[in-house]
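Here chain A shows up in two complexes: once beside chain B, once beside chain C.
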Partner chain A sequence: MSGNVGIVIVSHSPDVAKGAADMVRQMVGDEVPLGYCGGDPDGGLGTSVEMIMAAIETAWSDAGVAILVDLGGAETNSEMAIELMPEERRSRIVICNAPVVEGAVMAATEASGGGSLADVKRTAEELSPQ
Partner chain B sequence: MSEWATGSVIITHNVGLHARPSVKLTKLAKGFGAVIEIAGSSDGPWIDAKSIVKVMAMKAKQDSTLHVRATGADAAAAVTALTGLVERDFDEGGHVA
Partner chain C sequence: MSPPLQPIIEAMAARVIAAAEELTALDSAIGDADHGLNMKRGFEAVLADGANIFAKPLPDALKAIGMTLVMKVGGASGPLYGTLFMTLGKELPNEPTMADVSRACNIAVDAIKARGKADFNNKTMLDVLGPVTSHLGSGAANFDSIRTVAQESAEGTIPMKAIRGRASFLGERSIGHMDPGARSSQIMIDAICDVLEGKA
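Let's look at the complex of A and B:
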């Protein structure tokens, strides 16, 4: 895989997570490592720390991983997932303060050009109201 | 001051410079070392063609002219590549973006 920053999409809804991931794949392409998860392990709406950790693993890149989250628990569970990752990886995982769908496409576009983790996060967050 | 290579092209894509075309243009621009800027008017304002957020926010419409300028070692090739992409309808053939 390339040395591009990876993108992880975390939504309460598996359909939203998959849909946002599809948009990234179709609009940006395959050169960005991508992981996504949504829903709780029982199939309802929610997020799970284990699934987020697996998505981070899927998207892992030595350049780092940027996570896009939707609401509340998606963020707190992502923070918990980061804390449970091996120590040498934690500093290379960031949560972007950006809308999940738009942010994922913007972040992936920046990542596809070889942007650093900080560049990718900043690009996603440029979307947020100033 | 730096020397600019320049070009312009009419956007024929049916929805203009929307999401998918913007991503393609930005990705192409990122492949060049040159500083590349685009504008809807030759007077500017010029925006960074490598910034997906700025390119998408430009909302350039169908039938409008896109101005491209670049400076750096591969500037001329960058202008040719970007105007070429727009001329080819972003390689989508009228696909709704």
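Let's look at the complex of A and C:
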């Protein structure tokens, strides 16, 4: 693994996050560093900046980390999490504008082939309406 | 003016926590029914850390409140209100004047716009925070007029159509409901006025 871009999955639902991560693992095995989180700080539906930061840490790669999010709050909280990361890492973390499950699988597939962070983001976003 | 931060924040927290059901009911009409619960969790965390927070100088205390809301709220309102408090902490001196408060609020409103990628008239908390901030800068503000502007602005979100946030999925159907973030902002502004005026 190591050299490949990492993938982070952020959903409002812990089950969705884990399920999407399972699908990524099945597609790409351990070739891609992977982090995921879902749920608010009490375990209800929502997202948590603290958990997103931990997931980025888990998936960290010097090649960068691509984050897939589901709904609005997941995006806002992910942006906040990125700003709270050490400065030298911030520019190597991107949020993909793509559906969370399909985007994560596509992004991870691109990452497992050694694609750059920009390639990974573009591949995930090919799923998004222009 | 040296604002007594602890009573202000404690009153704000008590009102927000007491309004959790109302806020959640507003949010269930046009969002995901978690705003009250999220804000309650955030302000309970602020109160729980009060001994630490209120021992700090004003700017650091405001930043600590913002960071606690960011970490604990668990919805988009965490980073949004967190950005509000963190920006005020960054911009205010230890002993702010009214002019300092007005200037810091303007910067905070811009920071919230950037964080939420939102603007005025999008049916959000900005539709209360923006008008109240303008009113503070008008030089004609008193506690009653601030409360009135906040209330009228919150009510002003009822006919608006949501452009940002979960409510935007509803499009036209978001019309006719008060925005929960606008209402929570109004509650917080009321608490500040009441404490400063000696009514709480």
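Some notes on this structure:
As a convention for this text, the second predicted complex is superposed on the first by the 129 of 130 C-alpha atoms of A that agree within 3 Å, B and C clash if a C-alpha of one lies under 4 Å from a C-alpha of the other, contacts with A are read in each partner's own complex, and residues count from 1 in each chain.
Definition applied: contacts are C-beta pairs under 8 Å (C-beta built on N, C-alpha and C of every residue); 3 or more make two chains touch, one makes a residue touch a chain.
Fair warning: this is a prediction, and the values are worked out from it, not measured in the lab.
When both complexes are overlaid on chain A, chain B and chain C end up sitting side by side without clashing. If you count the residues of chain A touched by chain B and by chain C, you find the higher number for C. In the superposition on chain A, A:Gly64 makes contact with neither chain B nor chain C. Of the two partner chains placed by superposition, only chain B is touched by A:Leu127; chain C is not. Of the two partner chains placed by superposition, only chain C is touched by A:Gly72; chain B is not. By the document's definition of touching, of the two partners only chain B reaches A:Glu110; chain C does not. By the touch criterion stated above, A:Ser48 is placed in contact with chain C alone, chain B being left untouched. Working from the superposition on chain A, the chain A vertex angle toward chain B and chain C, CA centres, sits at 150° in steps of 10.
In the superposition on chain A, contact of A:Met27 is made with chain B only, not with chain C. In the superposition on chain A, A:Gly38 makes contact with neither chain B nor chain C.
Of the two partner chains placed by superposition, only chain C is touched by A:Met80; chain B is not. Following the chain A superposition, chain B and chain C show a smallest Cα-Cα distance of 27 angstrom. Residue overlap on chain A between the chain B contacts of one complex and the chain C contacts of the other is empty. On chain A, the positions that touch chain B within their shared complex are 27-29, 105-106, 109-110, 112-114, 123, 126-127. Of all residues in chain B, those touching chain A in their complex are 19-20, 23, 26-27, 30-31, 50-53, 56. Touching chain C in their complex are the following residues of chain A: 12, 40-42, 44-50, 71-73, 76-77, 79-80, 84. Interface of chain C with chain A (complex): residues 32, 34, 37-38, 41, 70-72, 74-76, 78-80, 82, 115-116, 164-166.
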